[in-house]
């Protein structure tokens, strides 16, 4: 079994690398529409978000509805850094540092939010993470940050309240208008590299002593405590790692857009829920599943684009149908009866 | 004086939240599921009234009845088709289908009515009154909304306490398996709960759009979340909790908008929720359940 | 030499005195039984000993160290491991990983080491696997090492729980109704295993059990609990003949 798990891990890396090679080949031969090209970086963003949320939901077993909040924090801190240093650093190094900053800031938020939130249980925890996500989005929307010769100026009122020196002053975060003019440092290749890093850390974490402790807490908190596992420490650790990668996804996202604005659509609870859908459909704790689900569910509405206004309707029906067909006992029994030969995994029944 | 106006407005908004939250909390109590589509049933209810009253020119009361009927039916159908197959399997699976249902309702509305904002004409013909020499104006919508909320709360409490079906709801929410063994029709009770919850959502939708008359396919989404917050705030599963949570939330939101920042009103609501849950992890009136070792 | 010394232990839930003035001294290597009718407070005593509940009164001294009121995880580190009446395994982990989770504090390496697979990771994982397999062999579970814990039959789940508890290298092992739900053959086998564990690991064991055959068969000393209070205490054979005990079990 130990060997089998590692093959599954490897298959995840191989799928990502193969997909990358195929896409690059399609681009090289001019067979990829510009629409699809525009989707490549967002796809990487969603994959990283889904994998990272799976750490909280699938591995730690706590329902989080505020993942987009961490992405938001990462996106703004990363883009802020890039704007601040401007051309004084070369693109590659600047982006690498931006990623690091996004990850660290999101991780710090993960710790700050995790300490109170992780004391709660189940649906209460879910609603509080949702609340934190919304608060973050709201605060970003009234945040003004500028810089001048005297250093940084921060305000939550308006641009004028920054009191910038008119000569050297420059506003970087403009309240509801967010950050504009971020250089597009991200690319599909960088996105795929970040996906691979996320996968590497997540999969290795799962198969380590730390991962075992986290999953033990998920399966039975009281038993985990009784064998000497520090519950608070490992819960917080999982939550923080999850937040850090959401931050990285945010930085990638921010450097793919010339204008970054915190809208309900991109950083609100709707986004958090969409990522949760990826995780659940891909399978709780199933990292490869998260990758596949994120890609398929992001591409699905685009593939249905020909159907125009019906596409989101079809998407919703497909979502409901897939959930019922894959989870309901009746559907499971039906599948086993008529398509039993297709199911490779037979669960051992005692 | 303006404080009193704000409080009344807050109470009115809070009454709408309370009505939605009652439905939320009942469904949660009985099915233990977070029904993310509940807010969108509000939107459906509002559109039904819009079509019947503004479109066909029927009397508002007929519109309301139609709206309640449509939402009740929709609620039960949604439950049977999308939730029932998964209710016993996994809470998370039902949560995801609820999200699917939410997308579905929004997109059906989008197809029929388009994305543009419809101007909803109030169903309340009563003009309201003034207090304190006209310095405080109380709109008819405010009066009707608050009254409706109180009536609903009282009727619901009596229904649960004194009818067989109501007590069956209590029994199922306490322990569905045991209730079944005692001869309670669990599936019927769950269906009834969804029916009542959806009917309440319809009424809430009509009242909400009478006070805030812009209607889009996404109208129900944020109030739905707020009502969910209200239900958790008061202690999810608790009916008086949903009532109090809804009212408090409405007041906090309006006062926050008025005195702190209109952009931050939602953030303030959520911040208060967080504080309450950190002090009392199961909400104001929620029961603490200790895990047996 | 006393390994566990409990004096005046008590806890109240609201107005209910669940355990009152519980005293016990368990010597190293002893097999000690805790019996009593349902609701007598036996499991509550386990929960007090392991820090799941904080005692309102009394002291718990383990091997000279005062562990009263400490956190569960710290009490485990101090040397008490337990099993649960309603089995609590890590159901989605394999049998092997359940035991390896029990080795959490013995073979330590940092999260960083784990993620980047530094040499220490491989070294420790190897030692962990070896130790875990050793324990699994004792309970004849080594063939099922890669099976998910939830897919094990009931009797083996009970054994796995004991193996996991032993993996924490405890000084004192608490077994909460280890024979519950077992047939007479399985119980007889379990008695051998418990004795074997005591002898091989030089373990001190405190167990709760309703099966009198098991209790009289392996326990050297007993405490009988009724309504939260100790009814009788002493050598097994004497205690079981005590009229008070017989009355408590069979009624007037």
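When the chains are written out, they are named A, B and C in that same order, and each has its own residue count from 1.
We adopt the following convention: a contact is a pair of C-beta atoms (placed from the backbone, for glycine too) under 8 Å apart; a residue touches a chain by one contact, two chains touch by 3 or more.
The model shown is predicted, which means the values in this text are computed figures rather than measured ones.
Within the contact network of the assembly, the step distance from chain A to chain C comes to 1. Using the mean of the Cα atoms as each chain's centre, the chain most removed from chain A is C.
Look at where the CA atoms of chain A average out and do the same for chain C: the two points lie 42 Å apart. Rounded to a whole number, the gap between the C-alpha centres of chain B and chain C is 49 angstrom.
Per-chain CA centroids place chain A at a distance of 31 Å from chain B.
Among all residues of chain C, those that touch two or more other chains are 52, 84. Shown for chain A are the residues in touch with two or more other chains, namely 222.
Of all residues in chain B, those touching 2 or more other chains are 293, listed in ascending order. By the touch criterion given at the top, residues 50, 52, 71-74, 76-77, 81-82, 84, 88-94, 96-97, 100-102, 104-105, 107-109, 111, 113-117, 121, 124, 128, 145-148, 151-154, 164-165, 167-168 of chain C touch chain A in their complex.
Residues 1-2, 200-201, 204-205, 207-213, 215-216, 218-220, 222-231, 237, 285, 347-350 of chain A are the ones that touch chain C when the two sit in their complex.
Residues of chain B touching chain A in their complex: 28, 34, 36, 81-82, 85-86, 88-90, 92-93, 95-97, 99-104, 106-108, 110-111, 225, 228-229, 232, 236, 261, 263-264, 266-267, 270-271, 273-274, 277-278, 281-283, 291, 293.
Listed in rising order, the residues of chain A touching chain B in the complex are 57, 63, 116, 119-121, 123-124, 126-128, 130-132, 134-135, 138-139, 141-142, 176, 222, 269, 273, 276-277, 280-281, 284, 309-310, 312-313, 315-317, 319-320, 323-324, 327-331.
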